[in-house]
Structure formats: structure tokens, C-alpha cells
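Chains here go by letter, A, B, C and D, matching the order in which they are written, and residues are numbered from 1 within each.
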Amino acid sequence: MLPLLWLVPAIPFAGALTLAVLGPRMREKAAAVIGTGSIAVSAVISLFIAAAFLTAPPAAGAYTQTLWTWIDVGSFRPAIAFYLDALSLVMMTVVTFVSFLIHVYSAEFMRGDEGYSRFFAYMNLFVASMVTLLLADNLLLLYLGWEGVGLCSYLLIGFWYQDPANGLAGRKAFIVTRIGDTAMAVGLFLLFHNLGTLRIQDLMHAAQSQWPVGSAYAIAAAALLLGGAVGKSAQLPLQTWLPDAMAGPTPTSALIHAATMVTAGVYLIARTHVLFALAPPVQFAVAVVGAATLLMAGFSAATQNDIKRVLAYSTISQIGYMFLALGVGAWSAAIFHFMTHAFFKALLFLAAGIVIEALHHEHNIFRMGGLRNELPVAFWTFLIGGCALAGLPLITAGYYSKDLILWSAANSTAGGMGLWAAGMAGVVLTSLYTFRLIFLVFFGRLETAVSHRPGLAMTVPACVLAFLSIVGGFGKLPFEALLATALPQFREAGGGMSEALASAAAGLAFLAGLLAAWYAYLQNPSLARSAAANPAGRLLHRFWFSDWGMDWLYDRVFIRPVVWAASANKADVIDSIYDGLAGAAALCYRLLSATETGKLRWYAAWIAGGSVVTLAIVMWL
Amino acid sequence: MILLCLILIPLIAGALAWAAARWSLSACRWIALLAVAADFVLTLVLWGSHSPAGLGTWLAEADWEWIPQVGIRFHLALDGLSLLLLMLTFFLGALSVLASWREITEGVGFFHFNLLWILAGIAGVFLAVNLFLFYFAWELMLAPMYFLIAIWGHENRVYAAVKFFIFTQLSGLLMLVAILALVFVHHRATGVYSFEYQDLLGTTMPPGAEMWMMLGFFIAFAVKLPAIVLHTWLPDAHTEAPTAGSVILAGLLLKTGAYGMLRFVLPLFPHAAASFAPIAMALGVAGILYGALLAFGQTDLKRLVAYTSVSHLGFVLLGIFVWNPLALQGAVMTMICHGISTGALFILVGALQDRIHTREMDRMGGIWSTAPRLSGAALFFALASLGLPGLGDFVGEFLVLLGAYRQSIVLATLAAIGVLFATFYALQFVQRAFQGPNTLNWRIPDLVPREGLVMALMIIALLWLGLYPRPVLDTFEPVMARIEQMAPGR
Amino acid sequence: MNVTGQDFVALLPLLILAATAIAVMLAVAVRRSHAISASISFLGLAISFGSLWIAAPELPRQVTPLLILDRYALFYIALLVAAAMVFVLLAYGYFEKSEDDHDEMYILMLVATLGGAVLVSSSHFASLFLGLELLSVALYGMIAYPRRRPLPLEAGIKYLVLAAVSAAFLVFGMALVYGALGTMQFDEIAGQLARPGFDRWLVLPGTALIITGFGFKLALAPFHIWTPDVYEGAPAPVTAYVATVSKGAMFALLLRYFYRTGAHQQTPVFVVFTVIAIASMFAGNILALLQNNVKRILAYSSIAHLGYLLVAFQASGDLAPTAVGFYLVAYFVTTLGAFGVVAVLSGGTRDADLLEDYRGLFWRRPAVAGVFTAMLFSLAGIPVTAGFIGKFYVLAAGASGEMWSLVIILVITSAIGLFYYLRIVVAMYSEATQAEAGPAITPSATAALIFLAAALVVLGLFPQPLLSLIRNLAIG
Amino acid sequence: MFPIREGFLLSGVLFTLGVIGVLVRRNLLFVLMSIEVMLNAAGLAFVAAGARWGQPDGQVVFLFILAMAAAEVSVGLALVLELYHQYKSLDTDAISRMRG
């Protein structure tokens, strides 16, 4: 089964190609069959591969498939080659499977859209790139997938291109993530220059053997890779693109901007964990970035009124948890949270998509309400997803993964109580904004009439994901065992918090958030309004609402100067040098041609004068 | 003989096409197309017939006496580098004939005459191994190019054409002076007058003189390339030229500059080039950033694409003077891929201009809904231009950066930021021209099959170069290795 | 000091020129006919050209102290005579368009050509002066020939006065040199100058005044000031003649005089020539820059070209005479061609000398425009033309003499020069504003233009035979 | 003994006077006369030089000069007539149609 690995990215790619070339002339059904079918095949193959991998693990826990040597210049010989170990296996399976569900959902959601086949072409291309990213055997191929998913993200955010705002959001996403990518590219140069290869496994071995812990090279390399990771995963300080990315179609948000692509940064750090282990300051920075991001995004999420933006901030926040886990060395906890998050966040978006479509593309949660009875499937699935997100103890998957992260933070050698406290505050916030959302959308009075009810293609994927959002958490132990073949164990610092205590604290935090939301939005709705009305509250609200003013800051500090410089220098200041030369020549022309007066005596004077000059030179030289 | 044919076919076909235009315009076009295609096939045959072992030396050679007293010979020779560039020449040449099929309606015969003669000149540049012959071919390209711009160009064509001509002519004369100086230095050392490349290699010369001569060559090539500060002819020429002119300018003429650096500046003056390298690399990086910034500020589509050339050729300059195998091969790869991707962008912009009669982005928008294939192709090549992995440009630029990192971390980082800058203009290009609302209600025909074929060929070429560039890299690898060996201290 | 039979053989080309002039005179006395006069002149010139092969075996030969006939002289006589033949072809077509009598034009031209031939073979101040004046006086008449038209008259008067003034400078300078050295023969002057202790304070001013005289004829800055007016005023074929025969003969003489006597090796003289060269290159190219009259543009460009020639002259290595010779040939072909185009486009009443006259020419008369383009590109030094090889050789001479500053100035100014050549080209290839094709072209002029265009390309592609010919011309 | 130095000086002064005449006189006839003065000054210089070396050559050249000057002036006078015919004036400054 394993030799079929290459088909997992290749089939979606072929699908994308077919749709791009033949799509415009295809009927919707055909496009949907190709678009969804290719992912289905890919998902099935990856399930088979997973089965094969689990039943008969390859030697050394990893399987490598080399297709061809990509570039061959001296010692630089990256190949188009795939590397499958437990880590990439988990990621690949989750990605293809979730993608498949979302494709099915999209087949209905996008019906009647002008760019139906284009949508599936982009989505297929995305899956191909994402799988390439996950399976890449070397960092260059990873970079190819990395940029590929960024491209698809850009294309899908700006999918409805006729609204310039969407295009702007797409560009913002591409450019901001590319800032990170640039850092990552420099990291690649550094790694190749110093270690002489870009094959990930070779790199890890070489780094381990050549660089001592805390060496400057390791720190620089890890920091540069971290730059790439924060860009792609929307962490501080490059998180600003993700909320705007919600301009894309909702399935896109579910797939790319929640479940899969944005966690690529997490994957990258996990994949290159050796480097981060060699660079403790950077690893600590990962944890701090995660903690800070999860808090900031939590506050922002609590103030948004666009349902998708709330979810976007919650995504940022949840990835913050994963970063926190990575930062404290709980590698498998991060990946575990990635998996559960992929299920419940995709679910939330799909459910939100049902709501949005039911209400004529209404995004404002204050114009929703009372949909509990109108859209039961959406309500129940959203509720399950929300509980998983907020971490409803014992039942939901999200509880198990987040609990693991919090416990790890508290017990890590690097972390300590500060990180744990931040994580706990995050739990309160998560629970608060999640239930704020649920209460506002599904409880209370009916604000807008429902015009459209979802069909099976939309509800079934949501239900499947809801199921996974619950049972996903129960697989914690086998999951950890599997990942242990690819990632190091978490190293517990002595004298930390016990697991039971941590779980209890997390449960309490969840309850606190839930109660606060219940009190402020169901019991006493005027409270939230009045809090937001007093001057300090308004200021704070605006501050959080606008993502802590970071967009504003970046606009002033980076964007405007560049745009200004470009438009001010549109005519190319260097050209004025040559214009000046031409002007000088023209001036000389005017001066000299004034000597040609046409007067005979003046001409004779020139000849006489010239001869005097000649005489003078001859006599006095 | 086959080398002479490569040059003679377009020359003769040019005259024939001109004559044929009297009685049939399509005959004229077909003659031009067939001639270039024949040349392309010839280069393919040459490519197919070389043995990997033979790549280190001349693959083919042709040599006649011309002005023997001063050692001027009609000497052509071909190695892997020139072979690939010739293939690019005739590939783009054929596509530009196709692209002008409907665009050119006035003076069709003379147009194709000029087009073919430019190609002949370019082929001469890539094949000449006698410095006089090289200069001859170098200058021979100018006049027909000038006509192409000045006659079939757009609004401000005369200004652009004259500027182009004067810049290149002045710098070319400086190169001629350097050539002569080199010949006389060689004469003084050996007592023999010779313009032969092989003879002049390894001429010993005083360091000061070497630097001056190197600068003479460098300026000529830097104008063509163009390096920043000497680049200002380019946006004007590219913008005003007809589509075929822009394609050839961007795709080929600029490459002659880079080729000259590789073929002459580094091998003939290794020491001077090595000590000048930091400045040249800095110029390259400055060009990358400055070109990208300017491209970002433009509203005229062709001008925008023109400035992207300044940016991309900055990578080439950087790669050449980094002077290690990675960067050298990256530079050549960038040359080839830039030729295709930028050529394609010019063809697209030309096709668009043909339909809506403007190049101003402010007057565009929403083209996608009415011409999706055209817009999709534009998106593809914009992505190639911003260095998307998987497409040819990425391979070249990445190799250059990888090589540059060995020389200077700072420059490599700045150049990598240049790649980021490319995102700005490329996305701006797609967004403002093709996306957004169709406020002016453009209703235009999409790509016709002829144009579709052109685009498909270029897309396939770029994908191939991006995903499986090895055959191409292997072809010029021995040449680059030899150039690399010439670096002092190696 | 007797003149022998062999001397007469050696002088045959000159004698035939003189005889032809007389023949035309006689023919005019019998019957005035433009065609007959032109034919006789052409025939005479052709015979004179052919007689070069008869004279060649007698070389080199010093005929009296005044004239030396060597390969060098013969080569330039051939050049002058060939140019005169082209002149006849062009002039015939040009003057056919107006009503007047034209026969005397050919007589004058033959005399002027004879003067030029004397100049290039002179080895003595007296013959120098004689040749110069033969040339000049005949030229006055030629320039002002269509005397009813105001511009030729104005040009004639200006040329007459200024040429006479400069001739006076020249003669005075020669007197000073003679006064200092006691000889007027070039070889003996060389001998005197080689001896230390000669009278510098007479020789140097004398040389300076001689340079004034030469400079005027060659239109070198700062003695260039007359050029545009005379070029513009003279009928186009005569302009061509002034630009080629007069200047070519003078430059050949300049080369012979200074290379022979070594006078230009004196530092002050060297400096003077350097200054003149630089000034000419700049003045010529800048003055033409925005000029709207094609004949004036060509006038200014000829100033610059003589400046380029001086660079080669200054370099004086073994490449210099070759460079000068080839450059002059290329310059002859090109200038004759350019003014030939002007001539064929001109009507009977005025010359087609405004830039406007050339607008859209390519679309009306592609062949004529093509020839003109080729000529302009040759002037600019673009490959496939003779001008390219010429410029290449001049630069090579300059580089071999290590005259780097002159060479760089040459490069820069010729790039400036490109601009005005291109202005004409631009005009020719822009959209036509007027529909009519212009006057018809006579077969003789067509033949001349075809010959010149062919020569231009052949010399540009296969310069080898001419180059080896020139290399064998030792200056006697 | 011919005073050579003085001879040269005299001819120089005459020549200068001739030049000044050309430069200041507007009447074409006077310009032509001034040119005659210049040419004759040169001739004088030749005679003086010939005397210095005891050769007849100087005087021979002087004869040449005389002859050529006569030829120049005869052509000049023809042009003067035509000029007067067209302009009704001999003012050299008036004939400046061509300039620039």
C-alpha cells in the first residue's frame, strides 16, 4: 500500500488541473464529481496507507518515496520525495479526511456560483499542496507546498473577486504570510549553507551532531523557521491576516483557515523539533508567542460581531495553544490538539455556513437569534463544536487535548505557572466567547427569518464532524503511542501539578466562562451593552475589536510608507538624471547655435579669433 | 555550417518575408514563422544530439577569415549555455511572430524583416567567439529593434526608441573601446593581433588596465541587463514597443547582457571582476528592490511588467557576481524562465491592449468575468513572476539566493525581501486589472485558439522548468563549472 | 630639373582632368547642351580614373620639387575622381530640373577636381597654395552657381570671403615657416625640423597659421563657423562636393604635410590638434542636435566627423593612415549618398532640406528612404555599413595610440550624434503627411545612389580588399 | 642687406590691418580690398623670407599670390554685382538669411 503514497497529492493535483483546463465548459455536477471525487480517492488511499502503516510499520518508523531529483547543482540535490512517519501520517489522514467532508459540503454550498468549477480547482490544488507540505522529505519541497497552500488561500479568500475588499483581504493574507515565508527562506539558506543538505531527517541528525544546545546557528535557524510558522499560523505578530481571510467562502474558511493550512506552522515546528530543542530561547519564545496570542485573540474574539470573525479569532487563539504546547516540549499534545481542533473548528465553520446561508449571507450575530428551533442540525452541531472548543469536561475532544496542553505547560521545565495561568485565562475567555456566540445566535428572539434549509450534502459532513469532535478525544492514549515513534516524549519537570488538579481547574475555568456568558448575554443582556457603553469600556472594546490596534499600526508603519514611496517615485527619480543630461545638451545646443548668426563679419571674427587662440596655445605652451 | 544556418535563415527569411508582403500578408507571416520554427527545430536537434561528455567543449564550430590583418575572423561556436539561449531565442521568436499575427497591420513586411533580423543579431551574439564579430552582432540587433519600437510602437514610441538606441549604442561603444584595449594589450604581450576569444582568454594585464577594460564591458552589459541606475531606457522601451518588441526586449535582449557578463566579463577579467563583485552584487540587490518598488507604483501595465524585469534581472546580476556554482546556475535559470514568464506577460498585456485599447490599470477591472482564460493565464504568469515554487522562476531565484548566502548573508536576505516585494506588484497587477468590479463594463473576446496555444506552450514550459529543470541545468552545468573555475583563488 | 616622358605618364591623371575641362569649354563654344557637357565630363573623369593604372607603374615619382606622385597620391586622386564622377551623375539629374545653362558647372568642377588632385600630390608650399586656390576659386563659382536664387549667392559670398581670409592666414603662415627654415619642400622642412636650434618663434606661429588655413577648409572647430551656411546655401550636389572632394583632398594633404614634416610632433602643435579635435567633436554634434534643416545637420555632422578623423591623425601609430584612409572612403561614400538623396528629392526651385520634407518618406519612397537610412546609419557607425568599419578603425587607431581621453570623448559625442541622425530617421518612418511622391529621379542619379549604397554595404561587410590596399600606401 | 625682422614686422602689421578691415567694414567691396591687403602682406612676408635665404622662391610665390588674388577678386566682383542686383546694397550684414 505504501508505494501508492504519491497518489495522495497527485490525484487532487490532477483534479485541479482537469478542472482548470476543462472546468469552464463543465456542468456543475461534473465539476463536483471530479472535485470531490479526487479528494475522496485521496482520502481512501490515505486511510489504506494509514492502515498499512499501523499494521506493518516500516523500518525505523518511516517510509520514504523518491520520485525524481528535482534540482541537481553540485551538492544541492533536493528531490521530489515523500517522507511518511507517524507525524505526517496523522496529519495527512486528518487533512484528506476533513477535506473530503468539506468538499462534499461545498458541492451543495457553492451551488449556482459563477465560479463553481474554479472553486473546486482551487480547493483541489489546496489539498494537493497541503499534502505535499506534510509529506515533503526536504525543506524545499515543503516550501513548495507551503507556498502552494498560501497561494490557494489567497485565491480562495479573493474567490469572489468582484468585491475589491475580498481581493484586498486575499492580498493581505498572501503578503503577511509571505513575510514569514521570507524569514523561513533565509532559514533554509542558513541550514543548507551550514549543514549542506535540506533533507529534513539528515538536517536533524546533522544539527544534533554538529551544533551544541544553544548554539548561535541553531538559534538563528530556529528563529527563522519560527518566523515562517507564525506567519502561516497567524500568531503574533503576524496574526492580522486571518480575521480578514474570512472574506472567502465559508467552506474555505473551514478547510484552510481553520482546520488545515493555518496549522502548518505547528507542523513545521514539530517536524523540525530537533532544531528547537537545540535552541531553548527560541523554544521558549514559541511558548510565549502562543500564550500571548491565545490571550489577545481571546479578548478580540469576545468583542466581534461577525460570526466568522469570532471563529477566526478563536482559531488564532487555539493555534496559540498548540504553540504553547510546542514551546513547552509537549510535541504530541500540540499535534493532538491540532487533530481535535481540525474536527471541531471545521464543524463550527460548517455549521456557521449553514446559518449564514439560511439567513441570506448575514454575518452579524446581533441580527441572528432564536435559531435553535429553526435550524436544529446547525444548532446541535454548533453546540457540540462549541463545547469542544470551550472544553466541556470529559465529553468533548477539545477538553482532552487542551487539558493535556495546560497540564504540560504547568509541568514543563521551560514553562511554569505563568504559561499555565495564561492558558487558564484563555480557557475562561474561550468559554465566554463561544457561549456568547451560541446564546446570541441560537437563543433569544428570532431576528431574521430563515429562507433556506440545508440539504444532506451539508448536514451529513457536519454530523460526521460532530461525531468526531466527541470521540476524537478518547483516542488520546493510542494517539500518543503512535506519535512517540516520530516525536520525543514530553519531559516532565518534577514537583508540578497533578493531572487531576489540572483537569479540575480547566473544568472550573470552562464553567466560569459559560456562566459569565450566560449572565451577560441571556440573563441580563443590558449588562454587556452598558459595559461597552461607558467610556473606558468603549475604548477597550474598540481596542480589542480592532485586534489590539495592530492593523492600524502596521498600516502606518509598513504599508503607507511603501505605498507612498512607490507612488511618489512612480516616474523613477533616477530617470531625472538622464533628463537632466538631455536638458544640458539642449542648453548647449541653444548656446552654440546662437553663435551661428549668419553674419559674415562675425564669422570672419571667429576665424581670426580661432587663429589667435591657436597662436596663443602655440606661443605659450 | 549548422551554426551559420542558424543566423542565415532568419536573415534570408527576413528579406523574403519583406518581399512576399507585396503580394500576400499571410505568406509573409508564414515565412517568418516557419523560418523561426526551423531554427528552433535546428537547436532542438543540436540539443538532442549532444553527448553529455561533450558539453565541456564547443559542441559545434564554424570559422572563416574576415579581416586577417588584425585577427578578425567570422568565428562561431556553440556550447551548452549558448545552445539553451538560442533555443529560448527561437522559442520566443516564434511566439512573438504568432503574437503579432493580428496586432500588426501596417508595414507587415518590414515588420517581419526587422523581427527576423533582430533574431539573427541575437543568435549572432550568442554564437560569436570573435570579439569583433560579437560587437558586430551586438550592434546589429539595435537598428531593427529601433525600427520595431519607433514604427509600430505606442504613443511615446519615438522618445522610447531613441532613448533605447542611445543608451545601448553609447555603452556598446565603451565596450568596443575596451575590446580594442584588450586586443592591444594582447598584441603588446604576444605581438599578434587577435580578436579571438580563445586567444584573449588569460591575457596578462596590469591590474588598473584590467579594471578599466572590465568596466567597459560591464557597462555595456549592465545597460542591456539592465543594472539599476542604467535601467531607465528599459521601462520606456518596453512600454512603447509593440508586443513582439516587448517580448524580444525582455525575453532576449536583456539576456544578451547577462550572457555577455558570463561569457566575457568573468572569464576575460577574472581579477578585476572579483574585486568589482561586491559592487556588482550590491547593484543587483538594489535593482531587485528598487525595480520591485517601482513596479508596485505603476499604473501602466506594460510599465509595471517592465519594472519587474529590472527586479528579476537584479537576481541575474547578483547570481553572476556571486560566482559560485549554485548562483551561476541560478542566474542562467532565471534568465531562461524570466524570458518566458515576462514574455508571456507582455503577450497578455498586448492582447488585452488590443481588445480594450488602454494599458492603464485604472481603466480596467473585472476582466476576469468576461475573459477568464486570459485572466487565468495572467494570474499564472504573475505567480511565476512572484517566484511561486513549482514554476521555473522559483528555481532560478532560489539557487541565486542560496548561492548568494554563501557570499553575503546581508545581500541574500535583502534579495529575499525582494522576492517578498514581488508579491506586492504581482498581486496588484492581478487585482487591479483582472479582478474587482467591471465598472466600465468591458465585454471582450477571450483568448482565441492561436493565443491560447501560445499561452499553453509557455505555461507548459514554465511548469516543466519548475518541476523538472534537470535536463536544462545539466546542459549548461559544465559551462558554468568552467566559469566558476576561473574565479581567482579557486 | 627637366620634366621627362615618365613624368608626363605619372601626371597623366592630372593632365586628363585639365584636358577634359578644356574639352568641355570647347564643346560649350560649339553647342550648349547639358547632356553633352555632362557626358564629356563623365567620360573625361572616367579616362582620368583609368589612367591611374597607366600611371601606377611609374611610381613613386617626384615631378619637379612641387609634386610627388606616389601610391598615396594616386589613391586619393582616385577617390577624388570617383567622387567627381558621382557628382556628375547627381548634378545632371539635379540641374535638369531648372531651366538655366549648366555647362559651366562641369568646367568649374573639373578645375576644382584638378585642384584637389594637385593638393594631394603636392610636396611643396607653392603647389599646395596653387592646388588650394584652384579648388577654392572653382568652388566659389560652383556654390553660387544658381545665382538667381538668394541662398546660393549668400553662400557663395560667405565662402569666398572666408576662404580668402583663411587662405591669407595659410599663406602668411607658410611665409613664416619659409622665413624660419629657408625651404618650402616638405622633405626639407622635415630635415630642418629634425635639427635642433631652428627658429621656434617663427616656425610655431607659422604652423599655427597654417593650421588655421587647413582648419578652415576642413571645417574644424573653431574654424567651422561657415559650414552650415555654405552647406545649406549651395545646391545639394555641390554641397556633396564641398563636403567630400574639398575636405578629402585637404585631409590627405594635412596628413602628408604633418606626417612628412613631423611638425605635429611638437608638443604645442599636438596640443592644438587635440583641442581642435575635442572642440570639433563637441561643437559638431551639439550644434546638430535640434537642428531642423537636414543640410545643416549634415554640415554639423561633417564637423564632428573631421574631429573623429583627427583622433586617428593624432594617434599616428601604424594603424592611423589605414584608419584615416578607410574612414575617408567611408565618409565619401556616405556623404555623397546622403547629399545625393537630398539632391534627388529637391525640386528646381529649392532644395528639400527641411526635416518636414522627409516626414513619411519611407512610406512614399521606400528605396530612397532606405538609402538615406543606410547613409545615416553609416554616419552613426552602425554595422553592415562602411561607417561602422571606419569608426572601428578610428577607435582602434586611437586605442593603439593610447589616446584614451580623445577616444572616450569620441564615444560620448558620437552617442550624442546618434540623436540627430535618428531624428531624420524618425521623420522618414513616421506617418506620411503629404501624399505626393516628389520629383522623378533620373536614371543617372539612380545609378549613383545604387552604386553608393552597394559600396556602403560591401565595404561594411568585406572591408578586407580596401584595407590591404590602404595599408600599402606609404606616405611619400 | 634686406632688414628681415622689420620686413616680417611690417608684413605682420599689414596683415593685421587687413584682418581688422575685414572685421570692421560692412561694405563688401572694402572687405575684398582688405583681403587683398592680407594676401599682399603675406606676399611681402614671402619676399622678406626669400631675401633672408637669398632665394628667388619667395618672389616666385609672391607672383603666385598676386595671380590667385586677382582670380579671387574677379570672382568676388562677379558676386558683388549679383549681390547688388538682388539686395540693392553691399552691406554684408544684410546677407544673413541663413543662420542657426
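Basically, contacts are C-beta pairs under 8 Å (C-beta built on N, C-alpha and C of every residue); 3 or more make two chains touch, one makes a residue touch a chain.
As the structure is a computational prediction, the values presented were derived from the model and not from experiment.
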Between A-B and A-D, the pair with more C-beta contacts: A-B
Most central chain, judged by mean C-alpha position against the global CA mean: B
Separation of mean Cα positions, chain D and chain B [Å, integer]: 64
Between chain D and chain A, distance of the C-alpha-averaged centres to the nearest whole Å: 95
Centre-of-Cα separation between chain B and chain A, whole angstrom: 38
Centre-of-Cα separation between chain D and chain C, whole angstrom: 25
Residue numbers of chain C (touch at least two other chains): 157-158, 161, 165, 169, 228-229, 291
Multi-partner residues of chain A (at least 2 other chains): 593, 596, 598, 600, 604, 608
All chain pairs that touch each other: A-B, A-C, A-D, B-C, C-D
Chain B contact footprint on chain A (complex, rising order): 20, 24, 68-74, 76, 80, 114, 118, 140, 143-144, 147-148, 151, 154, 158, 161-164, 167-168, 170-171, 174-175, 178-179, 181-182, 185-186, 188-190, 192-193, 562-563, 565-570, 572, 574-575, 577-578
List of chain A residues in touch with chain D within their complex: 593, 596-601, 604-605, 608
Chain C-facing residues of chain A, complex: 585-586, 588-589, 592-593, 595-596, 598, 600, 602-604, 606-611, 613-615, 617-619, 621
Residues on chain C engaged by chain B in the complex (per definition of touch): 363, 377, 380-384, 388, 392, 395-396, 399-400, 407-408, 411-412, 414-415, 418-419, 422-423, 425-426, 429-430, 463-464, 467-468, 471
Complex interface listing, chain D residues touching chain C: 4, 8, 11, 15, 18-19, 22, 28, 31-32, 35, 38-39, 41-43, 45-46, 48-50, 52-53, 55, 57-58, 60-61, 64-65, 68, 71-72, 75-76, 79, 82-83, 86, 92, 95-100
